[in-house]
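Listed after this line are the structures, all set down as structure tokens.
Same chain, two partners: chain A is paired with chain B first, then with chain C.
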Partner chain A sequence: MSEAYRRVPETRYGRLKRLISEFANDHIRLVLLGPALVSLVVIFIYPVAFLVWSSMQRTLAFGATAEFAPTANYEAMLSDPTFWNAAEKTLTYSFGSFVVTMLSGLIIALALNNVVRKRLRDTYTTLILLSWAVPLSIVGVTWRWMFNGQLGVVNKLLRDLGLLSGNFSWLANPETAMAVVIMADAWSRIPFATIIILAGLQSIPQETYDAAKVDGATTFQTFRHVTLPYLRPSFFVAGLITWMFAFRAFAIPFSTTGGGPAGATEVLAIYIHRFGIELFDYGFASAVSMFLVGVTLIVAGIYVNVILEQLSEIEA
Partner chain B sequence: MSDSVQGDDSRLDERTGDQTREVSLELDGLTKVFQDDEGDVVAVDDVSMDIYDGEFVVLVGPSGCGKTTTLRMIAGLEDPTDGRIVLGGRDVAGLEPRERDVAMVFQNYALYPHKTVAENLEFPLQIRHYPSDERKSQVESVSELLGISDLLDRRPGDLSGGQQQRVALGRAIIRDPEVFLFDEPLSNLDAKLRIEMRTELNKLHDRVGKTSVYVTHDQEEAMTLSDRVAVMNDGELQQIAPPQTVYDRPANLFVASFIGEPPMNFFDVELSPVQSDAGLRIVSDVFDLLLPEAMARKLDSWDGSTDNLVFGVRPEDVTDTTVADETFPPETTFDAYVAVVEPIGADKDLTLAPDADAPEEREFTVRVDADTEAREGDVITLAVDMAKTHVFDDETGTNLTL
Partner chain C sequence: MSGRTGLDRYRREQRLGDALESPYVVHLVLFLAVLFIVAPLVWELLTSLKTNDAVYNFNYFPRNPTLESYYIALFERGYWRAVVNSIIISSASTVVVMLLGVPAGYAFSRYRFPFDNLVFVFILFTRLFPPIGLVVPYYRIMTEFGLLNTKLGIVIANVYLWLPLVVYIMRNFFITIPHDLDEAALVDGCTKIQAFRHVILPVVMPGIAAGTILTFLYSWREFLFAFTVSTDLNSMTIPVSTFLFVGDTSVQWASMAAAAVVATIPSALVVFFFQRYIVVGLTGGLKG
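Entry: the complex of A and B
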């Protein structure tokens, strides 16, 4: 390198220092990115590579050994009717949670945005965020007890209101069990969606609202022509993240129903858990995980490249 | 104060020669009080004015003077604490903006970024459920009027500031409202474009001929655009009159100091009677000048205290005697020390002081002919055009020589 770097005295130690500093200077990108790349490899690339590899192993003797069979697990997966059942439940679950979360998030964010006093608004926002801090398995257990047939508070309330005579076992009925886990899942995701949408709402310039008012728009027309278009980016971001997490959800359905009754709420994550952890079939569980990761990546990829791209063109 | 406001209505009629104009917008005792953590803030204080059909009135004043709040109350974006707004013969208090017949142009244009120019223009018609062929022809004629026909398919983000402001104007014009409201529409544009758009607004107003209320802090904009200027300060209407009247006959100290560039010079003065006749001399440590007879009579008839009088002279009403052809009577001249000479082309601005050692706050400005030979450090003799000067009462600010 240039003379400017030769100021270190030419002792042996100084020579070493100089070599290091010259190396760092010549490979500055590597030096700066290195730590991040290393941690990425350790916590992301390696596990995924391991997953790919293990999905190609046929598990033998209850997980004790395995043999290489690249497609065997995928073939078994595609021909297993319970896999398709789990895939269908996962779609119902994730889209159900997505719809409930986004609608509730929008409504709560609009309500919060209309709280005039900042102190009060911040208090409400904090309270809503608190529910986000509750661990997901605790959420699941709480909802399970709330909807318990004999002891649940929901049945008690319905009986007191005269809407229900005997007991109703919400979690023993396939349709209502799915509805309950969807509600529980949405409950845990609403705060996040609310915060993102609220931030979007607060970025809308007051003058645009004023302009719409003077132009003659009613409240609903203002919402449709000003609020919603401005909210689109935050809505899409919150929506993608909500759906992605709900698609891979495990803790809430597992702690609420455990996948029951009779597989009615067995989403793919529980299915994977059943084969991989309970039945020791790592190879098969890995293959299903690959499917889960693959679908998520494809959807997110399309989303980011197509939808967000279009949005940014309009915004620019 | 109130006298000057009253008197100027007739002045308008005199200027336009039209006695039968109808009042389009009437503000009556308009007041707005904002609740704040530290108590109540009076933003607009008992503002009353009549704005005639087709008239262009500019509200001007320093920031925080209540001009924008007044405009927003007319638009219906802000509820008055007290007072009435009568628009086209209809009391519009408590009505939503859409129930009033107003259109507004905002400082930041406030276009809908997700809509194209054409969609922005037709929005006011669309939400009123106009048939689409009528919307289309309206968009065409308005965009032609404003020269934005080739921009119709673009989005606001792709337009320059001037183009965006044109679209915002179009969105206001397309509805054919009773009154146009402008909230500092040119202040986001650069200086050159601002002057271009100002001229264009003037032409547009001549063509469209709608009652307009325009808010600005720029006195030049106020003077060039308006039929009448309404000067506001501290929430109060100071004077409403045609621009030349506001300049020539400012109602009070505030108007005198706010309108005019460079601003009017003010001197603390005393009155001294002239023995030989009924005249009055105006005396300070810089000068001793004889007031014209008409002004002296007005001062005589004033029954307030003459202890705190302020004498106002505009920089352009002072002449450098050494280069002038005429001779000036000695009772209109005085000597001053030249501190700074600033050539500005057609004229020179001189910063003067009573003497070389005077502190900065005693300096004053005059605008003289460019061929003046005054240099920094000279003492020159100046003549004052006494008929154009004013004497104010410092306590109330009232112009005593109107």
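Entry: the complex of A and C
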């Protein structure tokens, strides 16, 4: 076949085309994978290297100049009480969102799994997915608007129900401000958790349930001894992702409260943004970034292990 | 005696369990969940139909529904351009991410090469790397290369953000397609590229749809990099411009709600039409 193919007189264009196609065939891995990997090196590895380097530079005079001081920024960070405040707020925020998201996700997924008609289940899923699709800053400004002290609908509802006289400034009070941003964050994260948990529920073979029923197990016993063990992997993955992504959240707390009042909701992401982008203290912001990256990578390591196990099970 | 109380408890538990699984309880739970999800969106919609002054009247429903707030947001402030920017940026990001990501996912599903597992783990880590950590370097690099306040700058950031995810999802889709299909194509005289383009790609179309929809939605939702790179009307996205209302001394709440509704409508439409693909994509293509 190739003989006949070669004997056709070639135009210059045809020859080029053949050479390209032969090259692609001989270096298939390079052609398929090269562009993606080169892009990632340029737009990921390079900025990461830049981050590491700049975390070891002490920034002088509004980011105009810097001097090499490998540990100065880290020392400044560790001895700065505002950093520890931000770290504490981040933990409260991420665990708060984690608890609300996972509990709601589990309950909603269990309910969805009990809807028999597929059409109806899809309708519910679509409606629940809505909050996930809302742009993140829109989530923030929406909750900011609902909980506004003077004009907010929440205050109005509570007044009309007789639960509140006068107005309450939700976002001016440290505790309630944190509660509001946590709810806003969970609002946007619940759909994802629900979908992952639901996928886990649907992978449980029906026979297992039937067998439990025949043996006379109650709903609770079935849940405890059939559902939970099967659900563990997907619940774990959903929980890890939820926590990890809430830990780094920027858009939602930033657009809901901007970190206020007086730093009460200033999570590390906002803290980094403030020092790095608003105050031009690149070195200090980079050191804080390195801290956040470090914590995330430890958790990510656990996640990657679990995912690789799952993948090898599926492919086996 | 104790056997009897045990049986009673068992029956009680069974009745309670059956009650919890009854359609009434199930639908009540789902109704409350949907209410919680939808109520804030409905409130934004109702607010957007009022005027900026009518917001101070404390009515739940707009007395005289009007599109004035939309006019102020889109034309007086010129945010229609942000909508156009968002469409251009999200579409361009999606095209680039898919062009780079689909072949890479295929390579991971089919070929062995030095350090292939290590490279795959690197891709997973890239996906999990916190983007906030790269904001300061990106800001400085973009300043250096003159990419601040450009659409290109935001597209580059989006490619970094979503390419690893698409490689991962596409790999999982390609894995589900039997290798025999490639081999049959090769035996029939296809080159490896032709086998990929004309035989495998058509089969994996649902996966490509899932990847495309997910990338578009994620790019549309994105705030952090879009905000850092641009707050200029030539290149900022609609989520960023909606947020800019917050900085005003007296916030035009109704117009902000109008901008929020405009920013949410495309997302909502995508969810309504492509719910199935989104679910498949979110579960990482693992559900098939």
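In this text, the second predicted complex is superposed on the first by the 268 of 316 C-alpha atoms of A that agree within 3 Å, B and C clash if a C-alpha of one lies under 4 Å from a C-alpha of the other, contacts with A are read in each partner's own complex, and residues count from 1 in each chain.
Just so we're on the same page, a contact is a pair of C-beta atoms (placed from the backbone, for glycine too) under 8 Å apart; a residue touches a chain by one contact, two chains touch by 3 or more.
No experiment lies behind these values; they were computed from the predicted model shown.
Participant: Could you tell me whether chain B and chain C fit or clash when both sit on chain A in the superposition?
Facilitator: fit
Participant: Who touches more of chain A, chain B or chain C?
Facilitator: Of chain B and chain C, more residues of chain A lie in contact with C.
Participant: Contact-wise, after the overlay, does A:32 reach chain B, chain C, both or neither (first, second, both, neither)?
Facilitator: A:32: touches chain C, not chain B.
Participant: Contact-wise, after the overlay, does A:211 reach chain B, chain C, both or neither (first, second, both, neither)?
Facilitator: Once the two structures are laid over each other on A, A:211 reaches chain B alone.
Participant: Could you say whether A:130 touches chain B, chain C, both of them, or neither, answering first, second, both or neither?
Facilitator: second
Participant: A:56 in the overlay: touching chain B, chain C, both, or neither? Say first, second, both or neither.
Facilitator: Neither partner.
Participant: Please work out whether A:225 is in contact with chain B alone, chain C alone, both, or neither, and reply first, second, both or neither.
Facilitator: First partner only, chain B.
Participant: Let me test your reading of the model: by the given contact rule, A:106 touches which partner, first (chain B), second (chain C), both or neither?
Facilitator: Touch status of A:106: no partner.
Participant: In the superposed arrangement, which partner chain does A:180 touch: chain B (first), chain C (second), both, or neither?
Facilitator: neither
Participant: Please give the least Cα distance, whole angstrom, that chain B and chain C reach in the superposed model.
Facilitator: 7
Participant: After overlaying the two complexes on chain A, where does the chain B footprint on chain A coincide with the chain C footprint?
Facilitator: 218, 221, 314-315
Participant: Touching chain A in the complex: which residues of chain B?
Facilitator: Residue list for chain B touching chain A: 72, 75-77, 96-98, 102-104, 106-108, 110-115, 123-124, 127-128, 155, 157, 171, 175, 181.
Participant: In their shared complex, at which residues does chain A touch chain B?
Facilitator: 205, 207-208, 210-218, 221, 225-226, 229-230, 232, 314-316
Participant: Considering the complex alone, what residue numbers of chain A touch chain C?
Facilitator: Against chain C, chain A makes touches at 1, 21, 24-25, 28-29, 31-33, 35-37, 39-40, 43-44, 46-48, 50-51, 54, 104, 107-108, 111-112, 114-115, 122, 124-138, 140-146, 148, 151, 153, 156, 187, 190-192, 195-196, 199, 218-221, 244, 247-248, 250-251, 255, 258, 268-269, 272-273, 276-277, 282, 285-286, 289-290, 292-293, 296-297, 300, 303-304, 307-308, 310-311, 314-315.
Participant: With touch defined as at the start, can you tell me which chain C residues reach chain A in the complex?
Facilitator: 10, 13-14, 16-18, 20-21, 23, 25-27, 29-30, 33-34, 36-38, 40-41, 43-44, 47, 55-56, 58, 60, 99-101, 103-104, 106-108, 111, 113, 119, 121, 123-126, 128-141, 156-157, 159-160, 163-164, 167, 172, 175, 189, 191-193, 196, 217, 220-224, 227-228, 238-240, 242-243, 245-246, 253, 256-257, 260, 263-264, 267-268, 270-272, 275-276, 278-279, 282-283, 286-287
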